[in-house]
Amino acid sequence: MNPIAAKAQEKKYFSFDFQIIVLVGVLALVMIISAVLTDKFFTYPNIMNVLQQVAMIMLTGSAATLLMISGNFDLSVGMVLAFTGVMHAFMSKNGIPTNVSMILSILIGSGFGLINGYLVAFLKITPVIATLGTMYAARGLAYIIAWVDGGANVTTGLPIDFEVFGRSMVGSVPVFLIIVFIIIAFFYFVYAKTNLSKYAFAIGGNNRAAVLSGVKVSMVILLLYLFVGTLTGFAGMTLASRMGTGAPNVGADFHFDVIVAIVLGGTSIYGGEGSFLGMILGALIVGFVGNALNLLDVMFFYQIVVKGLILLGAVLLTRKIKDTIG
Amino acid sequence: MNKTAKGSYAGIDLQKLVILGILVFVALVFFSLNNRFLSQANILFILRQSSFVIMTGCAVTLLMISGNLDLSVGSTVALTGVVHAFLCQSGMATGLSFILATGVGVLVGLVNALTVVKLKITPFIATLGTMYVGRGLAYLITDGLIIRDGLPDNFTFVGREYFGPIPIPIIVLIIVILVFLVLEKKSILGKYSIAIGGNSTAATLSGINSGSVVMTLYIIAGAMAGLSGVMMASRLGVGDPNLGIGFEFDVIIAIILGGTSLAGGEGSILGMIIGGLIIGSLGNGLKLLNVFTFFQAVMKGIVLVLAVVLDQKLKSGISIRNKKRIKN
Amino acid sequence: MKKLLIVLVALTMLAAFTVPVFSGGQGETGGAKKDLVIGKIPITMEANYHQAHVKHLISYAKEQYGAEVTVIDGAFSSDVAMSAVETFIAQGVDGILLHSIDEKVIDSMVKESHRADIPIVTFYIPTASRSVPHLQINEAETSFQMGVAAAKKWNEWYPGDQIYIGVVDYLAVEIVQKHRTGPFIAGVLSVDPTAQVVSKLEGSASVNKAMEAMQDMLQAHPEVNIVYGANADHALGALAALENAGRGKAVDGKCLTEIVVGTDGTEGELLKVYDPTCSMKITQGLQPAVNAKAEMDMLMKIINGQTPRDEWLELDTYDLFISYWDTPIEEAQEFIEYQYFSDVNLKEAIASK
Amino acid sequence: MQDTLLKIQNISKQFPGVTALNDVSFEIKKNTVHCIVGENGAGKSTLIKILTGAETRTNGTIVYNGQDFNPRNTREAMNSGMSVLFQELNVVDQLTVEQNLSLGKEPRSFGFIRKDKASDAVFQVLQSLDPSIRLSDRVSTLSVAQKQVIEIAKAISSESDVIIMDEPTAAITEDEVNRLFTIINHIKKENVTVIYISHRLSEIFEIGDYVTVLRDGQMIGTESIEDLSYCRDEVESCAELIKMMLGKVVVEHYVPSTIDKTRKVLQLHNVSNAKLKDVSFDLYKGEILGFYGLIGSGKTETANAIYGIDKVEGEIFINGKKISIDKPESAIRAGIAMVPEERRTEGLFTKLSIKENIPLMNIKTISRNGIFSRKKERLLAKKYIEKVKIVARDEDQNVAKLSGGNQQKVVLSKCLNAESAVLLMDEPTRGIDVGAKEEIHNLIRELSQAGKSVIVFSSELPEILNLCDRIILLYEGRIKEIIENGGEIDSERIMHIVTGGGGQHNE
């Protein structure tokens, strides 16, 4: 095992709630600074706007966190996001009732989850390779479908109700946002209260011991991948509906965004430890920073740099304060 | 005991032989479909196209054997390439700028080393951070444009010229490979990276200064990425900040195909080279066969997984046999 | 065992090098073939325009010259394009049609292929050394024209209203500045010098990224009233964001909150342009058919020795200026059917909305 | 009268919350074997860590060869002539034996490894310890014992003045132990001082010159072995030592369990695989069955076979019903639980707390329909901390922070919680101090009283003799003999059998 990881776990006992505090601090800092820099930032519509933008990351993240806690991860989510979106558009365009096609595209997501899970849990392929493989596959398929449809993306001839789900509002809150947050809440419950999450921690902590304790390791991992796939499917479908088009080129670095959010949240990519709330906060931090920089019309080259610095800074900060306390 | 030892050796090499088998197989398949695949020029092209991945891979393999990881190489390639072009443009002698730009790679490596070893940030995150920063800086240096004007003619020398019939990049590649094979087999560094990746506490208790070893490895990785970047720039004849997007994955794929485990301890440069060539010939072959571009992506994914399935099956076979042995 | 393995690898490597050394010459470009093979490198295959372009090229080459076209995706990377050229050389094609990012790199690609004695025609981005025949789309004019039209309309609708331009840009591709964003803004300014560019955000050729960029822009600069998308994805993404924000509306052709200007002229855009209730009203129609044919003809002329292989020769095509007011929908219908193989009936599609 | 090599004066070590060492002072004389004994958590390991620079002392001084000694890290300690043999296996599986032996002190020039005679010395030692190990073997192919041997060889050949051995014999076979002692006696003559830490008191009397006893960070006393065993037999002197260690005397002896001979809970018929040959036996309700044999005799393999880790031919019956166990999961379902051999890597979830570890084998005890209750989890943990006497701050403590004995108790609790009829215990008390050992033994007895059946696989004969009703003697994967415990047991003969001597197979 990696010496750094070893160090990390000695200190783990404090880390949990503690990580959260730091993250809340960072988030608050980001928001205050942004609010000072531009009055456009701290407005209801803008907050709403950022929530919408990070919703998909949180959605996938809420399952991917457990996955990473179990010591696995999924690089294919970005392209699965794109593929399900394209499929949703493609199906509803070709006569499948929109709501049916919504379900189907979510199931397609689940399908990819199953494949990933099977490759990793049963064929024992390193997650990186397995999910990289499905990533390429999903990407190719997304473009092929669009090509079959006769273009680089599936835009035209979509039924009128295609955009309903993504765009209808309850009062001033988008419907999809509510649903997404309900799902996230549900997965928080899964994380906080179910045996599944216990097993995820166990497997991530010590796979061999988990097997010897009779944990159905392979099944658990398969299930987690299934969840990730399904939620990604949902995200892709929603995104397509919001954009009013099925575009294969979305989600280019979605997988990194998700991983960044999770890791900012204090989940170790070696598994065995992690935090759901951390992931949520991590996503918010990334989201608000990006938003603030856009509001200030900062050239996007700088934005990439800042993204990297935030990532390092936040992780570093937690480590530092941890060290001084633990 | 005697027997078991042989067995394990056979096992490890058997595994490399299998990848080699896959490579030969891939080659033969493409050859049978298009006899130009094994034409001299094409083989050179494949080698040249995969040369940068393999070059960087040599260093990153050692890094991964020590249980670490570097996602920043792609950005480093872009950054150093841009810096090289920038310096040459501003009138610096090509040779000097070549060295300085490679030095920038070393710097990136140093930053990674410090963040991972001194600040104790998990390699994945640390290098993901430098990945973003490096890419951003590359854009900033050029304002997102491509540096092309006012570059001296010899800017493209290393990248394009031939030594006899062999492109210089391939010569460099061979040298790099030889150097790293020696490093891997004969040097303290090679041995210690295995020790650290295999059992870090054992390494520390044997009085090995893991920190400095890992740092050295990161710096070397940075340097090789830098070298690749500078040579890529020279090959293209410009400084392009969009260079090397996804490069880090190509490197990692080659390494993992080569039988290096992300967990560390296991792994070999030889395997990485074969892995790199598999990816290279795969991409080249599919194009030669005029496979529809988006199917290429799908097939790349599938072949990748298949190759590893085969490899892992074999490994697990061996490790089971070994487990049986360990228990006596 | 280990030794054996090393030997094996060494041998394969050795073979790799010795083959070229000894089998000498450019053997693989020889080999008689019945019909011509043309290699096409589009800058990317991930955009409607380039897909259509390739489709036209393939069919045209076949019926006009009986030529096979093999395509390698340039994937927006000089490096990939470079490898593509090499692959074509290995493949022994009879000519290469090249659309890549960078003049200087294209120069070296040309060198490579000429060394293998294969003619190249460049498209949209020429060789820095201006050394081979080149097909140029003169987009700048049309972009400028769109700027003018947009500004005129806005002043006509809302006289005295300050113009704020917001661009969902494509900063990572410099040529876009030269051919699209730059001229467009110039066009607006030529009408109303007081117009301001309030924000330029990156859309990264992704509907999603473009949408999010526009969402943020609307927070920072709700005042924008001329929105320009530097390609179809950017324009549609921006529009999606506007619609999500309850904007992007028009009343029989009169935009309420802003006028959206696009690029490419894909069916997706035209559906919006001709929708009287949508605020996207102008776009420029790239003509894949025209360009594909033109570049094919140029290449064939070289192959047939009518024009020299390595002399600068520029041929210009242009984009159609398409707007809700100036272009009759029938014309637009024809345009997408012919240029983009579209099977959409604009009138019906819009009516059914 | 030898002169003093190491003077340890008023050493104290505070960790946040705990005092690991409190004002410990004693002297270590040159060219002696100085033993340090004490329960786990008594502070032995901390003391070693401080001596070797792995930890910094809170206060106190160490005088080494007459001058102040405060190494900043292991390397410095080594350079000043100390070498350590730590408890955990510190060999690198992926390297060869030779590479491991030279690890950290390769003959080098410009960072490249020179081939030269330096490694010969090590090889000599290795040879004398275990001739069967070849330099070119990959360590991953060696047995636990052999790995330990490699470490010992490494430590001894390091040509240092002081060798610290922390539980060197925890995992190695009898004759390896004997060879080790020969070597220790040998190097003693060559001006090497050995600091020897072990739980096996008999060993201390065998090779020790002095013994220092620690108890919960306190220095209890330093005795010379002669004085201790002067006009006493070993048992008494052991009792003496144990009294010092625990503050109370421990006398363990075999108590027959109440066995229901009519109920065969587990039967094996001709179970065989690569390592086992026709293993057949019955296990009765309430019985404690012992498997004794040298390492490699097939103890662990038998356990693995029953627990479904290794594939086997032959039949397994539970309560007379033939069942097939292909994985641990199904073993647990069939009512079998196992305490694995390797506590850290196979038993514990070191990143988790005590309360999170315990329920993992049978999560139903804290959950309904897949949803668990933190309250039940806490109560369960409290219950076992109570019952098994786990010494910990509270149930939220991370198990990585517990002493070996308490870690083993957590693993045990996890298995108990599986509420299985049969409990397999592979080396249940390896590397555990006398106190914890006895507690665990008593637990096993309680279990059998409660009608559970237990199989103990152990390479420590006393443990087997204290615990088991019947003892199965294994040699090279075969059952050599099954002995009824109680009455006169001829341990000479047992050793004779398990080392390949006669003994007929009676079933």
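We just call them A, B, C and D in the order they show up, numbering each chain from 1.
The criterion applied here is as follows: a residue touches a chain if its C-beta (ideal position, glycine included) is under 8 Å from a C-beta of that chain, and two chains touch if they have at least 3 such contacts.
Being a predicted model, the structure only gives us computed values, none of them experimental.
Engineer: Relative to subunit A, which chain has the most distant C-alpha mean position?
Structural biologist: Most remote chain from subunit A, centroid-wise, comes out as D.
Engineer: Averaging over Cα atoms per chain, report the distance between subunit A and subunit C in Å.
Structural biologist: 32
Engineer: Round to the nearest whole Å and give the separation of the Cα centres of subunit B and subunit D.
Structural biologist: Their C-alpha centroids are separated by 43 Å.
Engineer: How many Å are there between the centre of subunit C and the centre of subunit D, using C-alpha atoms for each centre?
Structural biologist: 71
Engineer: Give me the residue numbers in subunit B that touch at least two other chains, ranges are fine.
Structural biologist: Answer for subunit B, listing residues that touch two or more other chains: 9, 139, 144, 201, 204, 293-294, 296.
Engineer: List, in ascending order, every residue of subunit C touching at least 2 other chains.
Structural biologist: 45, 171
Engineer: If you look at subunit D, which of its residues touch at least two other chains?
Structural biologist: Within subunit D, no residue contacts more than one other chain.
Engineer: For this entry, which pairs of chains touch?
Structural biologist: A-B, A-C, A-D, B-C, B-D
Engineer: Give every residue of subunit A touching subunit C within the complex, in rising order.
Structural biologist: Residues 38, 40-41, 43, 45-46, 49, 52-53, 143, 147, 150-153, 155-157, 160, 163, 166-167, 174, 239, 242-245, 247-252, 290-291, 294-297, 299-301 of subunit A touch subunit C in their complex.
Engineer: Which part of subunit D faces subunit A closely enough to touch in the complex?
Structural biologist: Going through subunit D, the ones touching subunit A are 307, 309, 327-329, 331-333, 338, 340, 345-353, 356, 359-361, 363, 367, 370-372, 397-398, 400-401, 414, 418.
Engineer: Can you check the complex and tell me which residues of subunit B touch subunit D?
Structural biologist: Going by the criterion above, the answer is residues 1-2, 4-5, 7-9, 182, 186-189, 191, 194-195, 197-199, 201-209, 265-266, 322, 324-328.
Engineer: Would you mind writing out the residues of subunit B in touch with subunit C in their complex?
Structural biologist: My answer: residues 9-10, 13, 16-17, 20, 23-24, 34, 36-45, 47-49, 139, 144-146, 148, 151, 156, 160, 164-166, 170, 174, 232, 235-238, 240, 242-245, 270, 273-274, 283-284, 287-288, 290, 293-294, 296.
Engineer: For a test of understanding, state which residues of subunit C touch subunit A in their complex under the given definition.
Structural biologist: Listed in rising order, the residues are 45-48, 50-51, 171, 198-202, 204-209, 211-213, 215-220, 233, 236-237, 240, 243-244, 266-268, 271, 340-344, 349, 352-353.
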